[in-house]
Amino acid sequence: MGPSRIGRILGLLAGLCVAFGLYLGLVVAPPDAVQGEVQRIMYLHVPSILTAYLAFTVTFVASLRYLWTRDPRADAVAFSSAEVGVVFTGITLATGSIWGKSTWGVWWTWDARLTLTAILFTIYVGYLMLRAFAEEPQAAARYGAVLAILGFFDIPLNHLAVQWWRTLHQPSSILRPGGPSVDLALLVPLIVNLVGLLLVYAYYLVERTRLERMRQHALALRLTRGRRG
Amino acid sequence: MVGAEVVRRAWAMTWKDVRVELRARERMNAMLFFAALVLFIFNFALGPDLSKLREVAPGLLWLAFLFTGMLGLGRSFQAERENECFEELLLTPGDRESLYFGKLAGNILFMVMAEALILPLFAILYNLEIWRALPGLLLVAFLGTVGFSTIGTLLAAMTAHLRAREVMLPLLLFPLTVPVILGSVKATEALLNGTGLAEASHWLKLLVGFDVVFLVVCPLAFEFVLEE
Amino acid sequence: MDKQLAVEVEGLTKIFGSTLALDAVDLSATRGEVVALLGPNGAGKTTLLKLLSTAMKPTAGGGRILGEDLVKGRDPIRRRIGMISHNHHLYEELTAEENLRFAATMRGIRRDRNQIHKALAEVGLEMQAASKVRTYSTGMKRRLVIGKMLLFDPELLFLDEPHNTLDQAAIALLNGYVASVRARGGSAIVATHNLSRAYDMADRFVLMREGAVTRRADKGHLTVDQLRELYTRFAENDNGEPRE
């Protein structure tokens, strides 16, 4: 049984968009004056972390909804989104590390951005582990929801703390007040890749949630069938 | 009056935890022994160069505080676990916030008591002049302890029934409390090398902000952790 | 909704992960009645008690306890019920007096020193009031729990295997207490696999097996042996668990 109809559409769009975005980023966009070709990794690195932030925000909202309504659908969304978020955070860390190796010669620096990403990664890997270790699914859902809420309030505080602690990375170029200060030629591939990754996220969210819902239903079915007549 | 009821219940919970601890002495003994061990091992691990140790002193102090605090937090619900009293907590009528605050106050108290013994030991072992900085140090230690304990108490309740609980508690607690760790260490640094607290005021504000946020969020979340 | 019913629940179901612990159980109990839940280990008796006492939320089903909604009215229910379990829920490092005082404060009721000592005296623990519970025998601990119930004065009592490992004196005290609750118009739900004790205590029997109710019976003209018969047929597991 393959992806759902909407999944197929999202998947196709995502594939096209990412392909186009990669083409723009790897071929069309001009190389950086200082860093050279390796700077192109930014077209994957930046959209990855932005998508991860979206994923974790979705987890936060879905967790709130779950605690309020106990709707298993909300829990399925929260869990799936967190899973995808961890993957994207992992990609961010990996690409950040590679970028750092080429630019600064080291696989890891404790600069603000990388450190924050590492903390984010650990928090949500912790989320996945917490859910895995809970005795039963309802406890897993509840504990996960509480942790996701803690995490959401915690991230801004972490941002402040780590940024005051160190900054080697360039300051945020897109999210600065006054509009993006990045050259248009670089901005366009960046945005295309961002949209592409968002579509990838949407595709995985839809499919993973569907899978989770199927698992929930299968569990319920097994119990009903197991009842004596 | 509802407020008085909350205070009474929280106070009863804290008093009970303190009484049990005073008689069993399990938690404090473990914490203090561990703290002494940590301080000694730092010395062996980092070498006898005193000036180098002084440089990293704030970090070392907080490592000792935090690991010891972790140990204590892991035992927050030990009495409930051992005496099968979790169900009793579930059956207790009334709000859950007072239960949380009662547990929190106990945890803060034990951690502060341990810190009160670690700090002089630390000053002696590493030849540090801490008298002038003492009021500031006490403030920072308190703010950091509160922040660490708010999330720690909630997570201790969550992991109390979990498999691999000894691993899960630190794994979940430390990334979430990085702001507390950084704020406390940086403020302590400013105090110990004479720069003064005014320099580190933004760190203090961060600590206070953190404490306020989680003193609100954690008690509200506690009921979802407690229920079965 | 009948005001005379202490318990009226329908379709109570509890699922733990992939285990169906309780399967759509209906139960009712009027005021002044003692109902015994009979079944071997794993029948779901303890789970049912936990759901009824609001220690756990049901996966499905609901109803009323003492007139309050099982899911939404948990707080008022908790204030009016009591639980006597084979897990004592006592802090071993505290004395009997301290345990009772703590329990009363957490329940939100004011009980002064005299009232606490009176309760302790009624269960024969006056002399050991200042001793740590750690030094108590099982019988003494159970008596202390009964003392706690005397302080609380609940309208509905839940008992989970209350007779386990008790000496005769403690058993008599327990039975006496349940009888007094009943006499005052209160009710009790007792879960046990001890048929003779259940027979002495209860007005009605609910037999359970593997999470479901298999048979209900009034004490009426039932003899102990007839009860054993029913138990063998409707409750006992196929591996022939021994019963008392």
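Points to keep in mind about this one:
Letters A, B and C name the chains as they come in the text, with residue numbers starting at 1 for each one.
One rule holds in what follows: a contact is a pair of C-beta atoms (placed from the backbone, for glycine too) under 8 Å apart; a residue touches a chain by one contact, two chains touch by 3 or more.
These numbers come from a predicted model, not from an experiment.
Under the contact definition stated at the top, the chains bordering both chain B and chain C are A.
Greatest centre-to-centre distance from chain A is found for C, with centres as Cα means.
In this assembly, the C-alpha centroid of chain B lies 39 Å from the C-alpha centroid of chain C.
Centre to centre, using the average C-alpha position, chain A and chain C are separated by 50 Å. Mean C-alpha position of chain A lies 32 Å from that of chain B. Contact of a single residue of chain B with at least two other chains is seen at positions 227-228. Counting partner chains per residue, chain A shows two or more touched chains at residues 135. Residues 15-18, 20, 23, 59, 210, 212 of chain C are the ones that touch chain A when the two sit in their complex. On chain C, the positions that touch chain B within their shared complex are 50, 53-57, 75-76, 78-79, 81, 83, 85, 87-94, 98, 102-103, 105-108, 132. Here chain A touches chain B in the complex through residues 67, 119, 122-123, 126, 129-130, 133-135, 139, 142-143, 145-147, 149-151, 153-154, 157-158, 160-162, 164-165, going by the rule given at the top. For chain A in complex with chain C, the touching residues are 135-138, 219, 222-223, 226-228. By the touch criterion stated above, chain B contacts chain C in their complex at residues 5, 8-9, 12-13, 16, 19-20, 23-24, 79, 82-85, 87-88, 90-94, 227-228.
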